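A quick write-up on the structure given underneath.
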Amino acid sequence: MSSGKVTTLTEAIARFVHDGHTVYLAGFTHAIPFAAGHEIIRQRRRNLILARATPDLICDQMIAAGCARKLIFSWGGNPGVGSLRAFRRAVERGELEIEEYTHFAMLSRLAAGASGLPFFPLRSLLGSDLPGVNPQIRTIRCPFTGEELAAVPSLRPDVTVVHAQRADAEGNVQIWGIVGDQREAAFAASRVIACVEEVVDELVVANDPNRTMVPGEVVSAVVAVPFGAHPSYVQGYYDRDNQFYIEWDGVTATPDGYAAWLDAWVHGVRDRQEYAARLGQGRLAQLQTPTRYTAPVNYGTFS
Amino acid sequence: MSSGKVTTLTEAIARFVHDGHTVYLAGFTHAIPFAAGHEIIRQRRRNLILARATPDLICDQMIAAGCARKLIFSWGGNPGVGSLRAFRRAVERGELEIEEYTHFAMLSRLAAGASGLPFFPLRSLLGSDLPGVNPQIRTIRCPFTGEELAAVPSLRPDVTVVHAQRADAEGNVQIWGIVGDQREAAFAASRVIACVEEVVDELVVANDPNRTMVPGEVVSAVVAVPFGAHPSYVQGYYDRDNQFYIEWDGVTATPDGYAAWLDAWVHGVRDRQEYAARLGQGRLAQLQTPTRYTAPVNYGTFS
Amino acid sequence: MPWTPAEMMVVAAARRLRDEERVLVGIGLPNLAANLALRSHAPRLTMVYEAGVVGARPRRLPLSIGDPCLVEGARAVLAMHELFSWYLQGGRVDTGFLEAAQVDRFGNLNSTVIGAYNRPKVRLPGSGGACDIALLARRTLIMMPHRTERFPERVDFITSPGCTARRCLSWAGGGPEAVITDLGVLEFDTEGEMYLAAVHPGVDEAKVLAQTGWPLRCAQRIAETPPPTPEELTVLRDLDPAGVHLRRGR
Amino acid sequence: MPWTPAEMMVVAAARRLRDEERVLVGIGLPNLAANLALRSHAPRLTMVYEAGVVGARPRRLPLSIGDPCLVEGARAVLAMHELFSWYLQGGRVDTGFLEAAQVDRFGNLNSTVIGAYNRPKVRLPGSGGACDIALLARRTLIMMPHRTERFPERVDFITSPGCTARRCLSWAGGGPEAVITDLGVLEFDTEGEMYLAAVHPGVDEAKVLAQTGWPLRCAQRIAETPPPTPEELTVLRDLDPAGVHLRRGR
């Protein structure tokens, strides 16, 4: 059965991501939907509220490109390298509104959003200066013990983008390795765009339904985007392009550096295929990892 | 590395389940730890608080055997057949204290217990008569929207027993098929006894860590108990012994019927091995299901 | 092709399911109704089971709500708390099926106890997920045999709130849309009170009124349910060849 | 065998980890310390990474906190919210490692901003999981280079509460146990104030005092950290052969 969800990234972004939207790009340093971020830049979306626990290079690029008016986040750095210069510059100049949490609080906001709860309670945040700068951090008293806990409101992105290993045409997304924030981020959103390394037959999914991390009915678009998470890694597919992360620091030392990079690698290519071609087979091949397969398990037949 | 967690069910129950304990037998009609329940009966534990979303035949047997002083539950029937006669008789005569929830509320109590939260909010229960008969159901107001929701307190069993397909000697439990309440029930408990169809090498677990539903550090004892969930089913291992479920209704039509059954099948056997031998190879073979294996997935090597 | 009242009840329930919707299915009659719909007019129905299974395609009648037969061919398996949180409370269940021992004129359901809670005449299984489904599904369909003692003026215990109690809750779902019995179909007016909307073929309106524990209102024109088609009956009997649910004396 | 101050800092931190405990590890220096402990005196240490990995055995230095190298050989992978809820908030993390830009005399940490929050001189990455770990681990170990500007009288922003603020919270964990720097080890007295407990070999007490932004108290007898053993250095350099973390000028 085809639901017509399988599409191109160009179409998916055009159809589902609009100016002013709250967009959550999922993936906790693993399987970051870079290709989707680039397409959003390419289609020149404006006034987005970007939400992401770890903004990473992708949000740095989108901020530099002028897509964002606000960032909701919990850790804004270049993982393993240093800082995100566009993010820093924008915040230090007061050009970007920020709404800041801890990781646990961000995840709790997504959990509330996914669950249809208006808030989520957690034991954190109190005693830090974060509640003083973020009025969305409040307290709640336990009706049983009388304890005071922190509370954060639900986060309901207009669109969440996930990148994963595979999905079927209905958008049943299977992920292995680090799952991070992907499930809650998907269930919390009004729309989900699933970018995957491979679109597979629905029997592949049904063969092992415990691996389905995001079921098809919360997914609006399915896009095959090989290497769509480059320069981040995807378990079983490719490694992080660490050179890219290190060089990013130099590339972005000046606003001109950003502009030149965006011109060359985002506006200068039509889509992810052209991007990959420009990276070159040699570089991509270097990132591929040796295979290591799981052993099968027996589900049995009950009929 | 051996942690000395691998033991017999006799030892595990003797060591970890004490009179007066709150005991959660996990498994939502799938993979019910019947063998552990029988061992608790055999060791004549008393004044237990049994907690289980679906008490099923196992709690009926434990109630009939006089182990329980209280039952915390959300649906007390013989699934697909009818009612649990010992449970009904005890409640109708006022001989068993009950604390009653909905499924969602039971799961929310476990989620709170697993998460170290004193309570969990949910949108349910209000408008029903349950809050009127259970003072543990209260309300809470959202600090953001002002909405009134239901709240239930955390449930922290002294011991949770899970039955699963396999675990390694450290107690890393892998489950596929219906996972139900097993994860939250394990993380909520002070001690976990893991009964499994097979104890496997730790490399089997490490080969596919996304399948680990209960990590070893929350598990105190690992017991190999083939057919330990009989007469319920275990995905990939055996089917439900439906005849048993149907016959149970007749067996338990009188208190004498219970007593005779317990004498024969619990007190009259030393352990699960003897129980299985008494069932007979023919009956067990009938319950085994045709194999249906998953395809391997590639985790790759990142080094 | 002759048919039983139970078969008519299941067929009438199945017809109310819409293609492409998500239905939270219980075992027994709701399971038959959903599977019949899937195999007839609603091939893109998503069947969700409270055990955590999404997009199930069971090849046999599930023996219990956690039957592994639900997993074979399913799209996803979630933990139960995820299913209740992300699907039901998250507003992603279009239709919930409910059965009960008693229903009152406002669609309040009792599956907890006959008699007083603390001195029960008959202790029933309790809510399970029923109260959660009643409050959170976008609509619920209730299936139960039409007998006076099961349609009392007041239920002994409100396990699952119907039209009235839930009005105070800003966040509740749409509530009961219809009660489908072996005699006919009852719907709810704007006040949330039940009325007889249709009778099944061969059923006398008076019989329905006699088997209802309060003065049941009726639609201006009571419809007659179209009888089960041979196709529907064939699919249905194929789903329950032993007649476990369709032939037993309920 | 000669060694660098950074190596001494990692070795001193590693030695504080106990066998069989569960440590929540960050990348960078904490990752080195935990992996050194695992490969020396604490073979049954359970390394937990906030990305959701339990019992990790990374074969290389993780490039980020979500590096797939953490998954190979691990016992379990959980969703992040499960990890924070079930492990950290559930009280199952014995030791949390923290780094920061600034620490004050009460162990309050700043990794958010230098200057005012709304008009930052330097915007830092922010909490990540640090505040959560600071409040919920049974104890925390802090690692940071010992420089005056990083040990101010008051931090510019309390990202992760130390000994004082957390006293009001009945549910908080044990808080900071020690700050391990490239010069020595600082512990906390019963009032929650930091004092110099040990200096590393060759480090002068006066230098530590000079590089601390407030009048630092000292233990009655300041110990000297035993130098790294050749075994420790061998393991450590094997973990970071390129000297990514050990040789860079921090």
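Every chain is named by a letter (A, B, C and D) in the order it is written, and numbering of its residues begins at 1.
Basically, a residue touches a chain if its C-beta (ideal position, glycine included) is under 8 Å from a C-beta of that chain, and two chains touch if they have at least 3 such contacts.
In this text, all values refer to a predicted model and were calculated from it rather than measured experimentally.
Asker: For the interfaces A-C and B-C, which has the higher count of C-beta pairs in contact?
Answerer: Greater number of contacting C-beta pairs: B-C.
Asker: With centres defined as the mean of C-alpha atoms, identify the chain lying farthest from chain C.
Answerer: That would be chain D.
Asker: Using mean CA coordinates as chain centres, what's the gap between chain A and chain C in Å?
Answerer: Computed value for the inter-centroid distance: 40 Å.
Asker: Find the geometric centre of each of chain A and chain D from their Cα atoms only, then give the gap between the two centres in Å, rounded to an integer.
Answerer: Distance between chain centres, rounded to whole Å: 28 Å.
Asker: Could you state the distance in Å from the CA-based centre of chain C to that of chain D?
Answerer: Going by mean C-alpha positions, chain C sits 57 Å from chain D.
Asker: For chain D, jot down the residues that touch at least 2 other chains.
Answerer: 53, 67-68, 71-72, 77-78, 89
Asker: Counting only residues that touch at least 2 other chains, which ones in chain A make the list?
Answerer: Those would be 116-117, 122-123, 147, 149, 176-177, 179, 183, 210, 233, 235-236, 239, 289, 292, 299-302.
Asker: Edges wherever two chains touch, nodes for the chains themselves; is that graph a line, a ring, a star, complete, or other here?
Answerer: Topology of touching chains reads as other, fitting no named class.
Asker: Okay, in this complex, where on chain A does chain C touch?
Answerer: Touching chain C from chain A are residues 1, 3, 114-117, 170, 172, 183, 187, 202, 205-206, 209-210, 212, 215-218, 299-303.
Asker: Give every residue of chain C touching chain A within the complex, in rising order.
Answerer: 22, 43-44, 46, 53-55, 59-60, 67-69, 71-78, 82, 85-86, 89-92
Asker: Enumerate the contact residues on chain A facing chain B in the complex.
Answerer: Touch list, chain A to chain B: 116-119, 121-123, 136, 138-140, 142-145, 147, 149, 151, 153, 165, 174, 176-177, 179, 204, 207-208, 210-211, 233, 235-237, 239, 289-302.
Asker: Would you pull the chain A residues touching chain D in the complex into a rising list?
Answerer: 27-30, 53-54, 73-77, 79-80, 83, 87-88, 91-92, 94, 100-105, 107-108, 110-111, 122-130, 133, 147, 149, 176-181, 183-184, 233-236, 239-240, 242, 245, 289, 292
Asker: Report the residues of chain C in contact with chain B in the complex, numbered from low to high.
Answerer: Touching chain B: residues 27-28, 50-53, 62-68, 70-72, 77-81, 84-85, 88-89, 112, 117-132, 135-136, 157-161, 165-166, 168-172 of chain C.
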